[in-house]
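Chain lettering (A, B, C and D) follows the sequence in which the chains are written, and residue indices restart at 1 in each chain.
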Amino acid sequence: MQRIINDPDRVVPEMVDGFVAAHPDIVKREGHERVVVRKDAPVAGKVGIVTGGGSGHKPAFVGYVGRNLVDAVAVGEIFSSPTAAAFAEAMRAADGGKGIACLYGNYAGDKMNVKMAAEDLEDDGIEVKTVIANDDVPSAPKDEREKRRGVAGEVLMWKVGGAKAALGGSLDEVIAAAQKAIDNTRSIGIGLSPCTIPSVGKPNFSIEPGKMEFGIGHHGEPGIKVMDLVSADEMAAMSLETILPDLPFNKGDEVVVLVSGLGATPIMELYIFYRKVHEILTGEKGMSVYRPYVGEYFTSLEMMGITLTVMKVDEELKQLIDLDCYSMGLRQEKLR
Amino acid sequence: MSESFANAAGGGIVAELAATMRENRDYLSEIDGAIGDGDHGINMVKGFDMAAERVEDGASFDEAFRTLGRTLVMEIGGSMGPLYGQFFRAMARQAKGVEQVDAPTFASMLEAAYEAIRELGDAKVGDKTLVDTLDPAIAAFKEATGTGAGFAEALDRMTEAAERGKDSTKDLVAKVGRSSRLGERSKGVLDAGATSCWLILRTTAEFVKRQL
Amino acid sequence: MQRIINDPDRVVPEMVDGFVAAHPDIVKREGHERVVVRKDAPVAGKVGIVTGGGSGHKPAFVGYVGRNLVDAVAVGEIFSSPTAAAFAEAMRAADGGKGIACLYGNYAGDKMNVKMAAEDLEDDGIEVKTVIANDDVPSAPKDEREKRRGVAGEVLMWKVGGAKAALGGSLDEVIAAAQKAIDNTRSIGIGLSPCTIPSVGKPNFSIEPGKMEFGIGHHGEPGIKVMDLVSADEMAAMSLETILPDLPFNKGDEVVVLVSGLGATPIMELYIFYRKVHEILTGEKGMSVYRPYVGEYFTSLEMMGITLTVMKVDEELKQLIDLDCYSMGLRQEKLR
Amino acid sequence: MSESFANAAGGGIVAELAATMRENRDYLSEIDGAIGDGDHGINMVKGFDMAAERVEDGASFDEAFRTLGRTLVMEIGGSMGPLYGQFFRAMARQAKGVEQVDAPTFASMLEAAYEAIRELGDAKVGDKTLVDTLDPAIAAFKEATGTGAGFAEALDRMTEAAERGKDSTKDLVAKVGRSSRLGERSKGVLDAGATSCWLILRTTAEFVKRQL
């Protein structure tokens, strides 16, 4: 395993140490060693935005702690849910008196741990509401949307929820905005190589050279099919053909697009892929791209691959997407 | 041999469970490594050892289980933390306030544990999880007591059924959890959680029998 | 080759297309198809900051075009210098009437092409001055510093030069600041795997599993030695031991630290590495970290590896490093 | 056979050079692939073809070289663009205004080209670059004319020396350019630039001889 680590069982705490040392202007560690908190949290009178999940998806999750984004994150082991205690501490650290919006992904462990953490907080009289991201189209048919995984669309959910909270939204308003964001969002991933969890030491699945897994999940969950590697343009077209009819997105829609590498993909290739996505959306599909994001937003250790996320926006979502924000993984000024 | 044991004298159970996990750590991780991420032994030892340290001297059977459950829920994370955590918390709840734990109490503890797992994890028999151990084990225990067997005898029936249930996972295709991503390729090896569940039930049965 | 491309010979123009489509708020393309220009360039009355180099190092070079950073970039083929024409066009596009500071790396092709472009501009009466980054310690002994390559320290050179120009500095002042930045900067890289130029189709060198190349260059140039893979902490310690005595950095110094992945390194590992760098610098070395940067700042396609850059700062450099900026690869608000 | 040719009639040289590059494209890339990045043939064909298209009908020898030089400098990039670009620009400069190109003029063209390459690229004989072709080729041309050989004869001597120079690069260790990163491992194959330089000199010699 060609990696830059010390003890494979200590990658997560050491990563958190390094992260907190590197971003003293944005985050602090508080209460629990697996909880990373926005430096000025709790913000009194603001709904607290909390998330969390397994590690190995940098910038997710800790990279989205920051101004107008997430207030506190519970950090799990690699690809493994954080503890209920970590979620509970994150919620407590984010509590500014207006309740907690816990915006996270649809994974069994996370659901169980969030549920128990929320019960804990509610025992203390702090209201917790949740939105569970399920933007990954390939992971279940449309009529079983509740089974779909949450993937890179979570970034847009945090952006929207974080902005709504920052603008003074009530807990119900924040939850409604985040829910609307994820309901309007569809994603898909393509994997070209596996990744290796350091404590395991061997790749978590295998892809033959010349093949790709279309519809792969963020932990290597199997996709729609393993097929011959195609060109970037074909990948873009196939991905759009899979996700656009699912919402459905229609001619005239304004969309936010997020393209993320899975970890090892050279950044230039993300732009080659985005080029075709942009061309198809604004060309034959007759849509307009309100704001594109291209970069490493939600990765899977050193997996080679790419994900595409499209969100349909209305006036409210546009306003929330446009709000400035400042975290390690997402820094933005007003576009317009 | 009596048909019940004193709740107050049962606090040693967690240390024994922790010892079992330590003995089987590598074995459990090896099974998990074949179709999962290879950390089940590590996860279990970490949680049970932590709990064993926290169980106070002279703790009762239900208090020990409560400490174990809380520790797993709060400190282990992943899926196993909450699942086994709620499992032991549910058992503790049924035994709370009971002076003598008898077969009906034990049956209700098992049922509550099963209910907690089902509620949280949503796995069914055949999904290749610890439910494949738990479901037949509970059925065997109740069947035995229902047909006149004593507590000790019923515990033996439970352990045997648990082992068969565990073995049955070998030919199953995983439907939930991490190994479900392998589809058909998940066949041919035991499920790690089903194996640890069998070890938990067997160790508990042995412990209880020694208290009777 | 498991990659997301179309025609291997068209990765660069397609990347530029995608980049310009994805960042309409920051850049435009002007005059020459291999030139990327800051959206509001030329800025009248400001020294124009220009750079350029081979592609495959994203965010470098186009990712540093933006406010208070670089005004125009000449884009080369993968790992190959841009043409003199592209450099010349970039210079022309950046010309706000106060001259051009071309801040680039010490590579033979770039030097030749910049030289010819500068002659071209000077024929038109536009003054061009250059700073050639040579921060890579392993590439030549200290008494042959002029032979050393420019690596990730270029990012700090652009940051400083860009800020000085934005604050109204004259061409000589901008050049002096950028030169001071690079003179105060030392870097080193460690490679754990090779990378593949798409048009070549095979890895550009090889590293056996369990080995690493200490002191590797950004194109796979050989380093100080190939050695057994060591822990992240040891990598950090070795890297510091190599670069700190070279300046030398001393007890009491304030430094800016930049840790960059080389492309395939999981971001969490950059933080594990930074953790130890921070500990050693602020502990046994008695220095203080004025500002850390950890992320993908200067990569080598999908190479697995890491680079460490340390810059000693004085009051002027601190002020320039602190200025806000906004590009794809570097976005920053004032820390203090 | 005469001892000079009309500059005005020499514009066909670039088309011939481009044809040579096309014929040898794969060969040059293959050599470059062994110790470089495998694009030398592609780079050369791209630049020479582009230039051949731009050379106007009826262009002179020096005008054709000027167009070639400018195209390489402006459009090819890397190291070869400026190096061969300045090479041909320098040749053009020496022939400019000359009506009949004779051996002394040609010698000064070669010397100016060499000087341009040296100034820009800083490579020395033995560094495994095109300089290893160019240096002995020029020496042989001047040696031949100095000892009474005619223009055509001197061109043959030049081509032979260029070939030997090119062949000498096989046993050299690369000191500059991309392949220098291989150190000792760069031995055993020809240098791509040295090979293309030999092709350029040979093609030019053949072209000039036909004009005499």
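Basically, a residue touches a chain if its C-beta (ideal position, glycine included) is under 8 Å from a C-beta of that chain, and two chains touch if they have at least 3 such contacts.
Quick caveat: nothing in here was measured; it's all calculated off a predicted structure.
K.L.:
Trace the shortest chain of touching neighbours from chain B to chain C and give its length in steps.
P.N.:
The least step count works out to 2.
K.L.:
Can you list every chain in contact with both chain B and chain D?
P.N.:
Shared contacts of chain B and chain D: no chain.
K.L.:
Can you compute the centre-to-centre distance for chain A and chain C, using the mean CA position of each chain? Integer Å is fine.
P.N.:
Roughly 29 Å separates the two chain centres.
K.L.:
Could you grab the centroid distance between chain C and chain D? Build each centroid from C-alpha atoms only and quote it in angstrom.
P.N.:
The computed centroid separation for chain C versus chain D comes out at 34 Å.
K.L.:
Which whole number of Å gives the spacing of the CA centres of chain A and chain D?
P.N.:
Centre separation, chain A to chain D: 56 Å.
K.L.:
Out of chain C, which residues touch more than one other chain, so two or more?
P.N.:
Residues of chain C never touch two or more of the other chains.
K.L.:
What are the residues of chain D that contact at least two other chains?
P.N.:
In chain D, nothing touches at least two other chains.
K.L.:
Using the contact definition from the top, classify how the chains connect: line, ring, star, complete or other.
P.N.:
line
K.L.:
Can you name every chain pair that touches?
P.N.:
Touching chain pairs, listed by label, are A-B, A-C, C-D.
K.L.:
If we count contacts the way the header does, which residues on chain B are in touch with chain A in the complex?
P.N.:
33, 37-39, 42, 73-79, 81-83, 85-86, 120-122, 176-178, 181-183
K.L.:
Can you list the chain A residues touching chain B in their complex?
P.N.:
Against chain B, chain A makes touches at 9, 76-77, 79-86, 108-109, 112-113, 115-116, 197, 199-200, 204-205, 217, 219-222.
K.L.:
Across the complex, what residues on chain C touch chain A?
P.N.:
Residues of chain C touching chain A: 1-6, 11-12, 14-19, 21-23, 25, 55-56, 58-59, 63, 190, 192-193, 195, 207, 209, 212, 229, 231-233, 235, 263-275, 278, 292-296, 299, 301-302, 304-306, 326, 328, 331-333, 335.
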